[in-house]
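See the structures that follow.
Across the two complexes that follow, chain A remains constant while its partner is chain B and subsequently chain C.
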Partner chain A sequence: MILFITLFLLSFTLYLLGGVYYFKSKSLITDVYAHVAFPGVVLAYILFHSLDLYLVVFVTSVFVLIVDYLKAKLLSITNFSTDSIFAFFIAFGFSIGTLFVNFLQNRGVSTKAGFSDFLFGNLSSLNQSDSYVIIFFSLITLFWIFFYRKVLLSYLFDEFSINKIGFNLLYIERSLSLMAVVLTVLSLKVAGVVLTTGLFLIPFSISILFFNKIKHLIKFSIILISFVSFISIIISLNYSGMSTGPILIFIYFLVFLLSLLGKKIFNKLNYG
Partner chain B sequence: MLVVNNLFSSYSNELILNDVSFNFDGGSFLGIVGPNGSGKSTLLKCLLGLKSIDKGLVKWKSIIPSRDISYVPQLSEFDWQFPYSVYDLVESALLTKLNFWSFKSKDYEERVINVLEKFDLINFKDNHISELSGGQKQRMLLARAFVSNPKLLILDEPFNAVDHYSELHIMSLLKDYVNKGGSVIMVHHNLNSSIEYFHHVLLLNKKVIAFGETKSVLTKNNFEKAYGNFFSDL
Partner chain C sequence: MDSYIFYKLFLVFLLVICNSLFSSVWFFERRQGLLVDAISHSVLPVLVVVYLLVNSLSSFSFVFYSIVFSTILAWLISYLSRFNKRHSQSFIGVFFSGLFALGLLLTNFFARNVHLDADSVLFGALEFSVFENIQIFGLSIPVAILKLGFLFLLNLFVFNLFRRLFSALSFDSSTLKLSGFNVPLIDLFQLFLLVLNVIFCFEVVGVILTLGLNVTPMMLSRYFGFRSLDLINISFLIALFALFISSFLSFRYNLSLSAVFMVVLGVKFITLSFYKDYFMKL
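Presenting the complex of A and B:
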């Protein structure tokens, strides 16, 4: 039950943040965070010889926020497109992470130290304390989103309206970045480095295929995420050799394809 | 109401606004006209603080921009797939620092309904914003601008993708607003209708070509200065 609550809350929070980045046309940023988080995880181990989730979240978040600042700086001083800069940091993050792992291997530290759980995601490796950490940060993020929901909607549709009411745009953007970074780091242990971005984007993409009102999007997402989380947990716990990340994303992608097909058939039947 | 002195602004080292100065007293309809790329939209963004200025001064008098100005950007600047109904979009303008946490306010609800009726959009209030035509979208954005009772409306090419009937409808609403004491600054590209619409005109081509009452600004000589040989050939 605790695993289900953990996965549901995490997935639902990522879904909402994924929606934010979807409407800001910055979907790839979650992939940047995931890839840059990876060397942060290894760095936490190099510095403190521990993969305790609180410690990992702290060290990795600091690391990712520094890179996030560099990314913003690079965007402001060059004419490169946002996508190019994002691709640059995705490659940079993964290469540094791999070098850090090589460094540890050369010093005799086995990859069995637990890095693979962060690389590919493994729900069964979560202990109760890890679940509490994930639930705690998910709830904080959900509370923030609920509290600022009107500001957030205005920010997404029309930034000027935020300036108009004297709200600090930078506060909104920095808070969103911080929450996305922390939740990305946490979701590494569930979905892994490469697949975390799928948790941000695929469920939202499925919902937006069918609904264009916020209340409907939220209601549908709760059903969708509950369903996929439940199935993934059953598979993960019964087949210990299978990583959770690929299972989760595979099911979401299957639902996405079926939704596309279903929508096409529905449109054909109704509109010819 | 507004004083602009020696304003310079640029994008990536290209000067877009070159020493722009003018005063606007308010209570009237000011049109900003000029060729494509002449800096009209950039000027609006500088006035609103949405674009940084390199040099110069933008000073608002007797109004508080964050409270008294409503800005309507071009239609193309919005994502029309955003999950808003027509009602949600208009209501979003009533967001203030004080009420951002509240659920519903009866007074606000009435204001939104009234403005939707005034702009002939009440039958579409539950529709998704993408389901409206160009003219209806523009009226919806204006309804959103009006609902917060602004002293000044700033509009960026509101008649793009709008049919003639909708343009006349929107103009009658704007004229009514100005007659009741409101002020409008509007970027516009149709020179023919400019003569009819505006009390004052700022003719711009990176720098101010002419500024003043409409008839004194929209002259052949000034058009040639702003539009160059293209206008002489017509």
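Presenting the complex of A and C:
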């Protein structure tokens, strides 16, 4: 039950943040965070000889935020497209992680199993304290989103009106980045480095195929996320050798493809 | 390490770099860096399915079917990302993560005991690439060098033949269309070359570094040139210089060559971006 609550709350929070990045056309920023988080995880192990989630979250978030600052700076001082800068940081971040792993291997530390959970996700490796950490951060983020929901809507659809209603645009953007970074790090243990971005994007991309009102999007997401979370937990608990990340993301992807197909057929039947 | 093996590794990596430069320059010009990311992730399920069909990783039919199906998939992703330009990143993200998840599941179920295990997909297997050899005129030559060498010659030939056409496609596709060229077909041909490169390099440097090699040298060379030929020449010199440094560091401290190479390039890029005015004055 606690696994289900953890996965549901995390997925739902990522869904909302994914929606924000979807409308801001910056969807793959979460992929950058996830890849840059990998060296952060290994660095946490090098510094503290532990992969406890709260330690990993702290070290990795600081690391990712530094890289995020660097990324923003490079975007402002160079003429390269967002795509190129994102692609650069994905590869650069992951390479640093690989070097950190090499460093540990050269010191005779066998870390493969521990890091595999973060690379490919492993829901069954979450203990109770990990779940509490995830639930805690997810609830804080949900509370923040609920509290600032009107400001967020202005930010999404009319960015310049934010200053008019007395809010600082920078505060909203930095807060969103911070939450996305922390939640990305938390979701590494569920979906893994490469697939975390799928948790941000796929559920929202499914919902937006059918609905465009916030109320409907949220209602649909609750049903969708509950359904997929339940199935993934059942599979990952019964097949202990399998990573959770691929299962979870593949189920969402399958639902996305079916929805896309269903919508096309529906449109054809109704509008010719 | 045996110096003979070191030279072979050096040559394999150099060929990977050269091939990446040829295939990525056009996508870089079109500001589609993340398309390379999407394709490098999405080819995994194709490779596993084709492996299951032909039961070999080195036969001609494996290479042929992988290229055909991967090109179709790459075209589909490229088409979808252009179909909805505003949300193209979302489409790319959904497809590459979904297909990569499928690839990992298939690898877990069916291809655990071959070179396609999940770790080698992410990190590549450069160190093992020189151990599969073939005898030619009494010389033992790694298969990877032959494959990448063939690809290099093909890239060189195509680049020299179609340079102007590809350049025009990158900057002004509508004029090409008006002049009677079949733009979608040229586009498909470019994708085919990219897929070919990704499939051949994927095995050696892994999914994520394939992306790095395709993008970073180009970004560095952009500070020194604009024409496609200049970009390739400068990128090659920059990459070669980085390769010498990274080979030394990698073999001296027992580190992954591809990761050191990417970090060296990354540090160069960040330093150059921040101090470009100072370097330009010099």
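Some points to look at:
The working rule: the second predicted complex is superposed on the first by the 270 of 272 C-alpha atoms of A that agree within 3 Å, B and C clash if a C-alpha of one lies under 4 Å from a C-alpha of the other, contacts with A are read in each partner's own complex, and residues count from 1 in each chain.
Convention: a contact is a pair of C-beta atoms (placed from the backbone, for glycine too) under 8 Å apart; a residue touches a chain by one contact, two chains touch by 3 or more.
Because the structure is a prediction, the values reported are computed rather than measured.
When the two structures are aligned on the shared chain, A:S61 is found in touch with neither chain B nor chain C. When the shared chain is aligned, no partner comes close enough to touch A:N122: not chain B, not chain C. Once the two complexes are laid over each other on the shared chain, residue contacts for A:L28 go to chain C alone; chain B is not touched.
Looking at the superposed arrangement, the partner reaching more residues of chain A, out of chain B and chain C, is C.
In the superposition on chain A, contact is made by A:D158 with chain B only, not with chain C. Once chain A of one complex is fitted onto chain A of the other, the partner contacts of A:I249 are limited to chain C, with no touch recorded for chain B. By the touch criterion defined above, A:S232 reaches neither chain B nor chain C. Of the two partner chains, chain B is the only one that A:K150 touches; chain C does not reach it. Interface of chain A with chain C (complex): residues 22, 25-28, 30-31, 35, 70, 73-74, 77-78, 80-81, 83-84, 86-88, 90-92, 94-96, 98-99, 102-103, 106, 112, 116, 119-120, 194-195, 197-198, 200-202, 204-205, 241-243, 245-250, 252-254, 256-257. Those residues of chain C whose C-beta lies close enough to touch chain A in the complex are 28, 31-34, 36-37, 41, 86-87, 89-94, 97-102, 104-105, 108, 118-119, 122-123, 207-209, 211-216, 219, 222, 253-256, 258-260, 262-263, 266, 269-270, 273-274. Chain B meets chain A in the complex at residues 12, 48-50, 66-67, 69-71, 73, 78-79, 81-85, 88-89, 92-93, 95-97, 100-101, 128, 130. Across the interface of their complex, chain B is touched by residues 23, 79, 147-148, 150-151, 153-154, 156-158, 160-161, 163-167, 208, 211-214, 217 of chain A.
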